[in-house]
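In the two assemblies presented below, subunit A is common to both, partnered first by subunit B and then by subunit C.
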Partner chain A sequence: MLKATIDADIFKEAIDAISALIPECRLHTDDDGISTRAVDTANVAMIGLSLKKEAFDSYKASKSQLGIDISKMKNIFGMAGKGDLISLEMADNAQKMSVSVHGYNYSITLLDTNTIRKDPNPPTINLPGKIVIKGEDLNNALKAAAVISDKIALGINPKDQTFYLVAEGDTDHIRRDFSKDELVSLTPAEARSLFSLDYLKDMGKVMSKAAEVEIFLGIDHPVRFSFDIAGGNGHVEYLLAPRIEAD
Partner chain B sequence: MMRCVECKGKGMCGLPRCPIMSRFHAQVAMKPSSTYQGSSPSVFIGSYGYPDIRGGPLLINDSDNPPDWIRNNLGMDEIVNLRARTIRGNAGLHAVGGSLQEIALSAKPIDVDVYFERPVAFSLNFDGTVAPVGFTGAVKKMDLLGSATVGRAVDRITSDTDIGATDAAIALSSDGVDVYQITKLMTAGLLGKRRKFVPTRWAITAVDDTLSTGLKKEIARFPPVEEIRVFSGEIYGNRIACILVPGDWKYEMIEIWGKQTLWGGEDEVIVQDREGMTKSGYSPISGAYYSARLAVCEYLQSIRRCARVIVIRSVSSEYWAPLGTWVIREATRKAMASPPAHGVSLDAAVHHAVALIGSDRWVPHSTLIPELRTQRTLDHFW
Partner chain C sequence: MLFMDFSRCCERLEGTSGRLDMIDIIAAELPGLTGEELPVFVRFIMGRIFADWSSRKLGIGPNLLYEAAGAVAGISKEKVIEKINSTGDVGQAVEELLSVKSQMTFFHEELDLVHVYTSLIEIAEMEGKKSQREKLLAVRRLLGNAHPLEGRYLARILLEELRIGVGEGSVREAVAKAFGVDSALVEHAQQALNDMGEVARLAKVGPDALRDVQITPFHPVRMMLAQQGSIADMIAEHGEIAAEFKYDGSRFQFHKKGNWARLYSRRLEDVTGALPDVIRQLLDATDHDVILDGEVIAIKDGKPMPFQSVLRRFRRRHDVAEAQEAIAMVPNVFDILWLDGETLIDLPLSERRRRLEAVVTQYVAPQVTSGDPAIITQTYEDALAAGHEGIMIKVPASPYSPGQRGKNWIKIKPEVDTLDLAVIGAEWGEGKRAHVFGSFLVACQDAGRLVPLSRVATGFSDEQLAEVYELLKETVLKTSGKEVTFEPSLVFEVGYAELQASSNYEGGFALRFPRFIRLRDDKDISDIETIGSIRERYKRQANSAQAYQH
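Let's turn to the complex of A and B:
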């Protein structure tokens, strides 16, 4: 059972965060709110998202799983304007969910949760380096690098206490160093890993709206991005596997 | 500067005639006549002078359908010969447009009576995208003797003026109408809301692109292939090797024109292009990129799997005249229908493709292979 209303902008933000990686997902509902955890088809990136019941205007749900077609949801909420409310309603074990937005009442057929990949285990990787940075700064640096190359190295220089991004194209090169005062905080530790900008570009777009993004880094290890959505009542974690630099 | 392999006779170098195209001169033992009585299997709309374009019926008492040519094992010279005997009528579309639409709608060739201004002239025209045609003649008068045999799906969708051309093409394809018929309908301006005649060479690539973009979205939802597979096939000196790697949809194509081949010239030329879920701009490989992509998408949809795809097309000097992008479409379809090598590692797959193509000089041009080699997956870390 699910009966909830939520501000359209908040729900859109959550859907956008998921759609950056995957076209469909398994949404868990319970007393406290909704959450999902999924990896992309290539097994390279993971998203964990939770939206507390405080993010909703009203919220009542029992423990259950919903198969959501994220791309379809995205198109539906294109209708919603600023300040609109979205209401979601579903009976126990129903195959359909009623969605009302901006005077339109949809009945959306849910995906069979058996056809969606199993939830991955939560990550248990030790990443020693940590940076806290403004979402906008991070996104701008990623966008700049995407002009030059399809991959980017993220690293920490513990000596200078800087966070750096380096991208190497066929002919061009770009480097951006963030000194400690440009960052919110920095935990120095030797770290450097290479990542595909294909993924980072889409994640960056979502993270640009976050006031602060925590970045966890290691050496040739995945990167973890962690940030709040919905004014602190929701949380997103991205995990992205590295590329190993060719010898 | 644009290279010959990228332009393929469009005249981008500024010379009055493409020096490569003008190499082809064929002679046919057919007396130019000023009338034609027989069947018309298809239509042709030129792109010259767009938007003020002209077009007309293709006139030959034979098949116009490339899969038929391959099924009947026609050699390249037989196809060129067949096409050299074909007459392309030419007229203003206000005069013959209605008749052309009848011909395009019909699943079978329609009998026609055509009177030309003067005896038809022989000028065998080759074009990278469209199959060649021998004679052209200005149409004075054209009468349809039969009426169109219209398939049910074709009838339904061409009568619907509220469905956009993209959705119309995809709907026709899922009803089992083949790409060649859909292209005919597109070029004759029978699809979409605001209907227009479309130059045939544009319609061919438009249909390849539209259908495979539609399939791509469907494929993206399927689970990845279980293992690496390597396919190969060859038609008329066009050798296709295709590597499928488990993962989300990515497509890369590498085209190799050997020394002394059609567009290659003095040196071997290699062109590469790739895409993810979206593709921006027109591929430098031109029509062949979209034709091969369609064939691969058709295969992935049939097995309900998603994959990262690398297609390598190597052209030898055996391919002595450009027959149109249907050659690549059919060569790739043939490759995808053959039993693949499977269960190999990425390095072994690349090695296998090198052996199939007979060269490893294309490997450094690939950007997808290094990406696949260097990208770790998450399960590597727990």
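Let's turn to the complex of A and C:
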């Protein structure tokens, strides 16, 4: 059972964070709120997202799973205006969810949760370097790099106390060093890993709206991005596997 | 069976040249497979995904595969294409990319043979505007979980070009050997079912299961084919023979059960939608449930039109109604394979003909039976006079052998030497033909391999060059300078004056005065001339040359 209303912008923010990686997901509901955990088709990126009941204007739910077509949901938000409320309603074991927004009442067929990949277990990894940066700064740096290349190295220089991003294209090169002053905080540790900008571009767009993003880095290790959504009543973690080049 | 085990088997087969050794390798794998795995294994090993009778298509083009491979390997599609150009083989390129793939993943799932097959069914069923994106994701998932060796064969299967030299004959022998059944029985079941996968499954059940197979309506069987020969030889060998006009149209197979009817082309594609007039005519011609074999010809002002106009209708998907007005399509039915639930292919032609005449009231092609060469020759003259291609002569006692080009059907037509050859490469044209391909490299086949035979640069109209360019431009595998290499897909009918022994081409022959006759888009790459038949022609040509000299 689910009966909830939520500000359209807040729900959109959550759905956008998921759609950056996957077209459909399994949403868990319980007393405290909703959450999802998923890995993209290529097993390269993972997302963990939670939205506490405080993020909703009203919220009542029993423990349950819903198969959500994320792309379809995104289209529905096209109907919402600023300050609109979205109401979600679903009976126990129902195949359909009612979604009302801006006078439109949808009945959305849910996906069979058996057809959605089972929730991945996040790997246990130790990432010693930690950066806290403004989401907008991070996104701008990623966007700049995407012009030059399809991959980017993220690293920490403990000596200079800097966080850097370097991208190497076929003919061009770009580097951005963030000094400690430009960051919210830095926990220096030797770190450098290479990532596909294909994924980072989409993640960056979502993270640009976050006041602060925590980045955890290691050497040739995955990167973890951790940030709040819904004014602190929701949280997203992205995990992205590195590229490791032989040369 | 893990897809890895299947891949290892492919690798062993690829490294084996002897046919008997190949049969042994396949036969050793079959008994260990489950009923679910067996059909998949058998089709995959022949480079096919779905049953031969099925018109189901995967719908994955080379570009989609390159994009997926790039995403998995962590490089751009352009780099993937560079790699394919440098290796000259998609499978090998994907294998190398996966072996140095730089993108790490969080999980790895071992690919299972049946799971790969069910994924391919899902891919084939994806439709609609988002289907290309969905297909891409599905292929990424498959390749993402593939080991390099699996990638080699997966990529080739996805493009339906496995090319490890395993032909249907080898698989037939392997099935017979693995399950201790007679290979003639396997062949017979394959002719009726047109799905070696299902035949293998039945062979595992036992010989009775193979013996009991029936043709299934709407599962088209292969067309019986004809050889070249002479009236005199046929009469000398068989006495009375049956002669029919050889129509210059398009072969069809008509399936009807109740009011439901479909029409299949020579390549067993469903062409029902393009020829509603023919369907109507045939539905009106019989009340029975039937499978009929025939040839549809185009008639304008009472005269047969060239083959091209029929083909145009076969290909047509739009504006069918408009096209119907311009040219009348007339079916000519000459055989019946199935009648009211009974499979007739093992009956003699004379008996099939009797039943055909009894149940089909119109459009049955006239037949003359005689042991007199003068009467048959007169039929031949009549056929030519009426604007047809020549005649077919058939042995009245012979069964219908799907897919066989045997001695029971002989085609007699004026001597024009042409070969059906695959287009494997081209050179860019010059001058006003600078934006299309100008000269084409064509090949025959040798045990599943394509062997270059000649270049063809003449005989094309500008329209034909433009059409051929449109058809080929998406299939370019490799470009170096002016030379391009294609993923073989088109068949040209090529005319020539003489076959010459030559070391210029790998096949050992060259064509003298090769010229383009027409596009055979009713034919598949597997239908092209074999090197064996070209050697035969060369021998015949040498004999007749001697005859002139003496």
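Keep in mind that, in the parts below, the second predicted complex is superposed on the first by the 245 of 247 C-alpha atoms of A that agree within 3 Å, B and C clash if a C-alpha of one lies under 4 Å from a C-alpha of the other, contacts with A are read in each partner's own complex, and residues count from 1 in each chain.
Quick note on the criterion: a residue touches a chain if its C-beta (ideal position, glycine included) is under 8 Å from a C-beta of that chain, and two chains touch if they have at least 3 such contacts.
Owing to the predicted nature of the structure, the values given are computational and were not obtained by experimental measurement.
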item	value
Which of subunit B and subunit C A:T124 touches, first, second, both or neither	first
Partner chain in contact with A:D150 - subunit B first, subunit C second, else both or neither	both
Broader residue contact with subunit A after superposition on the shared chain, subunit B or subunit C	B
Contacts of A:R37 with subunit B and subunit C, given as first, second, both or neither	neither
Contacts of A:R26 with subunit B and subunit C, given as first, second, both or neither	neither
Shared subunit A contacts, counted only where both subunit B and subunit C touch the same residue	23, 39, 41-44, 46, 120, 123, 150, 194, 196, 198, 222, 239, 241-246
Sites on subunit C touched by subunit A in the complex	71-72, 74-76, 100, 102-108, 130, 137-138, 140-141, 144-145
Touching residues (chain side subunit B, partner subunit A) in the complex	220-221, 223-224, 246-248, 276, 306, 308, 367, 370-371, 373-382
Residue ranges of subunit A touching subunit B (in the complex, touch as defined)	23-24, 39-46, 117, 120-121, 123-125, 150, 194, 196, 198, 221-222, 239, 241-246
Complex interface listing, subunit A residues touching subunit C	23, 39, 41-44, 46, 71, 120, 123, 150-151, 194, 196, 198, 222, 239, 241-246
